[in-house]
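One chain, subunit A, appears in both complexes that follow, with subunit B as partner in the first and subunit C in the second.
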Partner chain A sequence: MDNPIADGGGRQLSGELANYFRGRKGVTITALVSPVALLLLFSYVVPVAILAGVSFLSQDARGAITPDFTLGNFVRFFSDPWFLFTLGRSIRIAFFVTLMAITLGYVAAYYLVFKQPRLFEFYLILVVAPVLVGNVVRAFGWQMLMGDSGLVNTFLWKLGLGEHTLRFMYTETGIIIADASTLLPLVILILMGVLTRIDPAYIEAAKALGASGRRAFMNVTLPLSLSGVGAASVICFTLALGTFEIAVLIGGKRVQMIAPLVYEQITYAFNWTMGAAVAMVLLVVSVVGIVIHDIAFRSKK
Partner chain B sequence: MRDVVSIRLEDIVKRFGDVKAVNHVALTFDPGKLYVLLGPSGCGKTTTLRMISGLEELTSGSIYIGGEDVTNVPVHERDLGFVFQQYALFPHMSVENNVAFGLRMRRYPSTEIDTRVKASLGLVQLSGLERRRIRQLSGGQQQRVALARALVTEPRALLLDEPLSNLDKNLRDDMRGQIRDIQKRLGITTIMVTHDQTEALSMADEIVVMNNGLVEQVGTPEDIYRRPSSLFTAHFVGAANIIEGIANGNGSMVDSAGVNYRLPADRKSLSGKVAMMIRPSDIQILDKDLVTDGLDGTVLSSMYFGATRKVIVRLEGGRDLSIDTNERETRGIADGDIVKLYYETDSSHVIRIPDDHG
Partner chain C sequence: MKLSLRLRLKRWHYRGGLMTIFSIAIFIFLCIPLIVALIMSVNPEATLGYPKGFSLKWFGVLLNDESWMGAYRVSIQSAFLAALLALVNGTLFAFANSRFKYRLKGPLATLALSPLGVPGIVLGVGLLLMLNPLSINGTMSALVIAFTVITVPYVVRTVGATLAVYDRSVEEAALTLGANEIETFFRITLPMIAPGLLSATILAFVFAFGNLQVAIFLTGIDTVTVPVLMYSVLEFEANPTIAAAAVLNIAIVTVALVIGTRMVGARNLLRF
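Moving on to the complex of A and B:
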């Protein structure tokens, strides 16, 4: 127990000592962290700050940014049905991408970690290999496979099942499938880490106490992996919300998503301030996802 | 009331690749007794216990519990209590829910679960900690939760894998008593793994000494300590002075230095290669002027342990014997002292060494 009276006499001296050491420790840590901090500052904090600043400015008739503070861009965003619809669609797509990638990723990760297949290394290479292919190449791949005249539809047509049977290009479903496949390797790797960290003894203990494999999974493995699944979901959702190449190449003009919208505002409409405002909205939605995850899992820690 | 069952291992084998972890073990565990599997690291104790529990599949052989062949019965249907070395308490559940887990899996009604969990926590003296998280418990408390969790379903037998190895010494001594106490009170067939000989000697009804995937000897603690059947057991359980020699069939043996030793009464007729074991605590150090009988020697070194003193004496002929004495009896002993050693012939034990040995 602390005794405030007995402590009183030595407090000043120990306080000074503490400051001395704290100061020293601070210096060392600062020295170690500063390169990373600087990098983050100039590659991330500064651009975001500029973007945030610009989003509250407006442009004059000739397109030059004027230093007048305004909420106009945000008012326009939230009163324009098209912007709102696009945001809603992006959130919906990101939600389903997350659902799909996490579900499939969990099954794959569970299989790799707990069933210890004999070809483990081979499967791992299969998981990681797609990461080496860029998103643009991947989207073209999907196009060739699933496009209206792609392999699958041609095959179905040859079988006499009609023309353009599967609608993939320029559909939300197409984006969701392509995007989930893009994020799947990442999700599998994250979830493998999560599942590997679960001591197999917990599962054995559950079985020794009378739980069948299914009940051991439901009562022990799943709950123990849940916070990791939450973290993977947030990462997946955030990345899916920012989907760009796949949205452009598979969604095209027909299925507009929010990240290409930012790009179009800036590049085609030369509306810098509006583009910045849309980007800020995107950022806020992502942060909300992180905060929700944090609240959901903090109470359990 | 729970059944009190026997467990029988019929020639069980477990191979991991090229490693024969358990190599043709046959054992019967009688109902209601506490057995300790004792042996050095890697000798197959855990593997044996896991095969009994069903957590590990057998390479060959069969296991019977209460007369029923359970070799192909999965873990969750064997109805055994298992306490893991690291306890494996579920970190996402309270103490209460950990203990209730086995009952929930057996779909007990919730009122019965409540009473049983209470009784079980009472048994291990943890009443009042129901709502704690596992992380908020000390090592000893976690150990007892693990025990309560394993016992609450009234399993047919209790299996413990080094249950005390993560506790500090005082707590370990205390828990030894508690586990033994509970085991006796419930009269449950229990198999415990340890590599700590003191633990084995103090807790077991019977000790199974294992080495290299094989059973070396099965017997009461006294059997194992006093009458080891092999040099391995003699060395592994307790400290031992081992003197190898040739027995001549007329009640004595001669060691390589030509010194004669009398054989204990029950081994007088032995002949051939033998090893004599004398426990360090069975040898007395006497003043050379007081006795004429006994072995002559010189004190080489001594080490003080408080209640006891360990003395190394070099015999004429160059053999060193280690002796544990009451510290009072050897007060003032100094290196270089000339002494007489005395032990009762019948406190020694002779092990026959097979001819193909070495």
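Moving on to the complex of A and C:
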């Protein structure tokens, strides 16, 4: 009754359809898979391919893209000190963000998985809610906290420490702190998955054989979770490299990162081919990170 | 006395007291920007700063502002349509992958999850370069297509995980009792994986709603989304309305989370 297909003609139709598909496995699979396959092809694979293509083209004086193959954009990227510096800075920031997020994330994930706090579900929501609210809102919050007359400095001032204004806005430190907070939830969720899969019997066995809690952690839990820590690091690093909202709203023009550079090239400089080339550099560095991790992980197995 | 204090400290430490405090500090560190937005939104004055009083007037300003309300309409419509498209197509895909073996299965499954690892900016520029010559850039369709691509991985992953732990014996019973495959799918499989479908829809909606990196390249004058409007306000003329908008976003997400956790539990919604 709640299902139209179950009634009368509907039932007959579904029977005929089922009969049709039963003998044709290939048709069935194609029908089920092709919507997503076509979607990915035409709005993911093709756009990225076009992006790659455009990065090898140039623009004429009026800004129209000319169909002449050139390496000019990449030559410019790798010979321009400002572009190179921006890439280097993005990699440096991503490294420290990853370090901070993994360290803090490991503690939080360990706590949630092994200490089984009574408020587990509440904490889980606290971890996930910021992700769901989105990066713009979070970047806005951090901007309000970090300004020279922001909440942190107002608080210090009220405590009588007013002469030490902490500089977060337009600094790499500010970006690293805000970005680590932005990426931490994902790291915590990945590490929770890793720690949940460790058989507690191993840890119990180590303790039964006389290992202290710390020793059991160092010799059993930590080694067993290292591959997961590696995976989480790579994902965190890749996402940190693509930081946009935090980079723009905390770093501003003074601390440029690579994703805002892409946006700037396209939207303000109207240099589409250069923007595409910078985006390609960002994509390639991200993919290289994933591949390196994959190889390292496979060779361990 | 000294010894007993040491013993008590030791017992506290053994129970993970230090770790508890440290972890709670981390959870606060995650949520602090949201708490700040809540505090800022009740400022009666016209500048963004620590409130010297309490007033809800900026919420009134927000709700009567045509450009903000237009952005909420655009965002909710496009995110909802995209979530629906991602749900239907992603579920069929995940179902096929859990039941059948075919030649391109491995590569396709990897491809379907890979948008998660591609920086949003890269996909945004790519879509802009493709859609601009077709002159559908800046339309609702452009947003819906883009949001569907970025949310399909969440549906494939969540529904795939649900199907992986799903007990097929009930399905076999239905087939044995004479139901055909399509009836079985709609009357047995779908109701049994409904919690997974609900989580997938909520996640897809929320991620499409909050997206900036892709949307910023694809919005037109009539299709400004909430994150894009927030971004431009923050870049040019920040005022307390934005704090009120941030709080409204937090409220929307909280409602989605509450509905989700009531219906399937936090562990299932977030797959733990």
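In this text, the second predicted complex is superposed on the first by the 266 of 301 C-alpha atoms of A that agree within 3 Å, B and C clash if a C-alpha of one lies under 4 Å from a C-alpha of the other, contacts with A are read in each partner's own complex, and residues count from 1 in each chain.
Heads up, the rule we're going with is that a contact is a pair of C-beta atoms (placed from the backbone, for glycine too) under 8 Å apart; a residue touches a chain by one contact, two chains touch by 3 or more.
On a predicted model such as this, the values are computed, not experimentally measured, just so you know.
**Q** So if we stack both complexes on subunit A, do subunit B and subunit C clash, or do they fit?
**A** fit
**Q** Give one of first, second, both or neither to describe whether A:L124 is in contact with subunit B, with subunit C, with both, or with none.
**A** A:L124 contacts subunit C only, not subunit B.
**Q** Is A:I295 touching the first partner subunit B, the second partner subunit C, both, or neither of them?
**A** Once the two structures are laid over each other on A, A:I295 reaches no partner at all.
**Q** Quick check for you: in the superposed arrangement, does A:A64 touch first (subunit B), second (subunit C), both or neither?
**A** A:A64: touches no partner chain.
**Q** Counting only touches as set out at the top, which of subunit B and subunit C does A:R215 meet: first, second, both, neither?
**A** first
**Q** For A:L159, is the partner it touches subunit B (first), subunit C (second), both, or none of the two (neither)?
**A** A:L159 sits against neither subunit B nor subunit C.
**Q** Applying the document's definition of touching, compare subunit B and subunit C: which contacts more of subunit A?
**A** Looking at subunit B versus subunit C, the one contacting more residues of subunit A is C.
**Q** Between subunit B and subunit C, once the two complexes are placed on the common chain, what is the minimum CA to CA distance in Å?
**A** 12
**Q** Give every residue of subunit B touching subunit A within the complex, in rising order.
**A** It is residues 53-55, 74-77, 79-82, 84, 86, 88-92, 101-102, 105-106, 149-150, 153 of subunit B that touch subunit A.
**Q** Sort out for me which residues of subunit A touch subunit B in the complex.
**A** Touch residues, subunit A against subunit B: 199, 201-202, 204-212, 215-216, 219-220, 223-224, 300.
**Q** Enumerate the contact residues on subunit C facing subunit A in the complex.
**A** Residues 14, 16, 19-20, 22-23, 26-27, 29-37, 39-40, 48-50, 88-90, 92-93, 95-97, 100, 102, 108, 111-112, 115, 117-123, 125-130, 145-146, 148-149, 152, 156, 180-183, 186-187, 203, 206-207, 209-213, 216-217, 227, 230-231, 234-235, 242-243, 246, 249-250, 253-254, 256-257, 261, 265-267, 270, 272 of subunit C touch subunit A in their complex.
**Q** Once bound in the complex, which stretches of subunit A touch subunit C?
**A** 3, 5-6, 11, 14-15, 17-19, 21-22, 25-26, 28-29, 31-33, 35-37, 39-40, 43-48, 50-51, 54, 104, 107-108, 110-112, 115, 117, 121, 123-130, 132-145, 149, 151, 154, 178, 181, 184-185, 189, 192, 196, 213, 235, 238-239, 241-242, 244-245, 248-249, 259, 262-263, 266, 272, 275-276, 279-280, 282-283, 286, 290
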